[in-house]
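All chains are identified by letter, namely A, B and C, in their written order; residue positions are counted from 1 within each chain.
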Amino acid sequence: MKLLEKLIEVRGTSGDEAEIKDFLLNHIHEVKQNWKVQPQIIAGEEFQDAIILVFGKPKTALFAHIDTIGYMSAYGKNLIKIGGPRAVEGYELVGQDSKGEIETELMLIEDENGSTSIQYVLDREIDRGTPLSFKPNFRETEEYIQSPYLDNRLGVWNALQVAETLENGIIVFSTYEEHGGGSVGFLGRYIYDNYQVRQALISDITWVTDGVHHGKGVAISMRDSGIPRRKYLNRILSIASKSGIAHQLEVESAGGSDGTMLQKTDLPFDWCFIGAPEDNVHSPDEKVHKFDIACMVDLYKVLMQEL
Amino acid sequence: MKLLEKLIEVRGTSGDEAEIKDFLLNHIHEVKQNWKVQPQIIAGEEFQDAIILVFGKPKTALFAHIDTIGYMSAYGKNLIKIGGPRAVEGYELVGQDSKGEIETELMLIEDENGSTSIQYVLDREIDRGTPLSFKPNFRETEEYIQSPYLDNRLGVWNALQVAETLENGIIVFSTYEEHGGGSVGFLGRYIYDNYQVRQALISDITWVTDGVHHGKGVAISMRDSGIPRRKYLNRILSIASKSGIAHQLEVESAGGSDGTMLQKTDLPFDWCFIGAPEDNVHSPDEKVHKFDIACMVDLYKVLMQEL
Amino acid sequence: MKLLEKLIEVRGTSGDEAEIKDFLLNHIHEVKQNWKVQPQIIAGEEFQDAIILVFGKPKTALFAHIDTIGYMSAYGKNLIKIGGPRAVEGYELVGQDSKGEIETELMLIEDENGSTSIQYVLDREIDRGTPLSFKPNFRETEEYIQSPYLDNRLGVWNALQVAETLENGIIVFSTYEEHGGGSVGFLGRYIYDNYQVRQALISDITWVTDGVHHGKGVAISMRDSGIPRRKYLNRILSIASKSGIAHQLEVESAGGSDGTMLQKTDLPFDWCFIGAPEDNVHSPDEKVHKFDIACMVDLYKVLMQEL
């Protein structure tokens, strides 16, 4: 979990993923000699801040988004959301502008019309357009991990666990997921055109709800705002059942992921969201059960082999 | 109309179109020897559950979506919508899960906050994520057809009528239309890349409104939420006028179709929605005038030849 | 400014850009012998009503949309919006249908439920589906230009100024921007596939707000509903700073452009919206400061060279 903690410390709101991309590239170069198969590493300006790893003869691609939600400084001391972060008075935010490191707190201001604006508390103005992130605050107990940005540093961490033993498959570190898509289109096209891969698994974190609970295993999403194709879903459910790995079935009406973005491309991708569930979504206190994390890694290893 | 009734009996909510695809492929193989021109039949996993028929040297593609609206079982006895079905107490729903055939009824539950949830009435729980459809209930009078899923089994049936005499053209049976697109992108790209076809007609069912009435002919949509390109629309209106086939002009601010999806692709497709109007949209009681159906088939035959 | 006034007189609501396209093609053919470099002119049915100009060896593409907002006649005397025009009683609208030229006025009708419909005042009915535009009304003072459709005839005019001295670069005249995208996808794909260009500047008009004022220079948008990639934005900000050209930084939560459309394609485009700010957005009284227009042209000339 040391790696997960480190991943969480690296900033990278949607559109500003250069730092986390560099961290990942460095990390991959350091550890890949211990991996079972050496992947081809595809990155560079033509891929913006995304990374593609190709192992052996791939049939399935795992997508893990490397961007996070956050805030951006606007006019005066106003903040504008990047993606959909929760806004609670006192949340600690960090960032950097031309005057140096920033550590500030979120404040809610209600105006006479009853509408609320989000501001920061600081004795100076932050440069316009500066991205701010939740301050890292990693907590670990016997049973749980709690921290900002388990969504989706945990999905990224899962991808790196899978990479250790992966023989055939693609791992995609995508960008812009929290703020309405952006890189999944050209990444999907690249792997479809070059490797004819059109099976995707979305390594991301979902919600604890009435039907999905802590400690009951990884969640397989049968739908959110998007609906994965039934034939593909049934193959996944069948492999999951035979595997004996604990899993839960999710059926939601809302929410989206790199999967729903893939579905909107001009590509015949099948996709399914599979991830551990978390409490306190999009807050600094996201909380995931360790058993569900272990199940997530186990199920991904099986699926990347058998699908 | 026997074929239309059979088409309506085959289930296929968005994302679960395997059964209706198989039905269509079988039907096409059975009847195509009676068609004027033998089409190339393009289908398979790379096209998910969609089908493309290519006749002669095509200039125009007819799109008919084969999926339907419906419901999906969620937690407890809750139902979640697939697409935008009407929800009225007592609507009969059918489906199938691991325990067998399901026949149930829709129930609306208002909670203490005044918000309504949709549930099913059954003495057992349905497997999570099971798709449910309106129970078939085909009614025919001298003047009208009434049934669930005239949208879009009637658009599919129209395509099959057109196929009988089509010499040059493409017929696309698309998927996922009711739930936010999905296959039109890669289908459009396939026919654009392989046949340079970029003219589309959307064979679908529209609404009876203040300006579009039963029995006045097929509706040509001048716009819905999307706006077809004027130059293309003018060519269609000119051909329709000369044909003498009864038609009505529709101008709506809302609604979408495979046409609006085509417009969002990276493809220079022109498109126009042309279809008979129906009453009781997205309910088990959709109702279309037979004269409008006849006009729809006639106009499509002319347009597929002359555009 | 004579050219700008002429551009504003040519009608072209979203989907109906044939006339403004023809005007632009004629104008370009007339004046291009005075341009420093002769561009390749790419147009034709395969590009719908859009135009691409390719100068030398391009690295960056300027996008200027040629469509405008407006209204469309529906049933009775009702009007439906094309894009998001303001609706104020008395606004003058012009258009043409089978019975000839139309000059009418907008009227707001409140029904018993308190909902408002938009109608036109005329002693005859306008053909269904006829596009109507704000009546041209060009006003110029020492400091300001005021007129309908500065958004985006001014962005188009800017592109034509840049064309005069452009040595390497692409200018794209796009369509459908005001009504939800349409051509940017295939235009982007064309220039990416054929010229490997993936840097875009969006030549469009933005809003005067709390943070962006008349006469303070051209606005560089750090975000609207979409977020441009930070690395690309930083390069632009650095070039703008060194240039000494007056500019303002915009940070908004809403609004979109051809840039947000580019981001939704399957293409790795970087994009940034740069444009003079206007008051009275989407009304017949759009107002822009002349100094901001001059800065816009100057900054585009520098950026198209240095990016």
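Please note the rule applied: contacts are C-beta pairs under 8 Å (C-beta built on N, C-alpha and C of every residue); 3 or more make two chains touch, one makes a residue touch a chain.
Note that the structure is a prediction, hence the values are computed from the model and not measured.
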Superposition rotation for chain A onto chain B, Cα-based, multiple of 5°: 120
Same or different contact residues where chain C meets its copy chain A, judged by the half mark: different
Centroid spacing, where centroids are CA-atom means, of chain A and chain C in whole angstrom: 36
Per-residue overlap in chain B, given as positions that touch at least 2 other chains: 264-267
Contacting residues of chain C [partner chain A, same complex]: 198, 209-211, 222-223, 225-231, 233, 249, 251-253, 263-268, 270
Contact footprint of chain A on chain B as seen in their complex: 14-16, 18, 46-49, 72-76, 80-82, 128-129, 131, 176, 179-183, 185-186, 188-189, 264-267
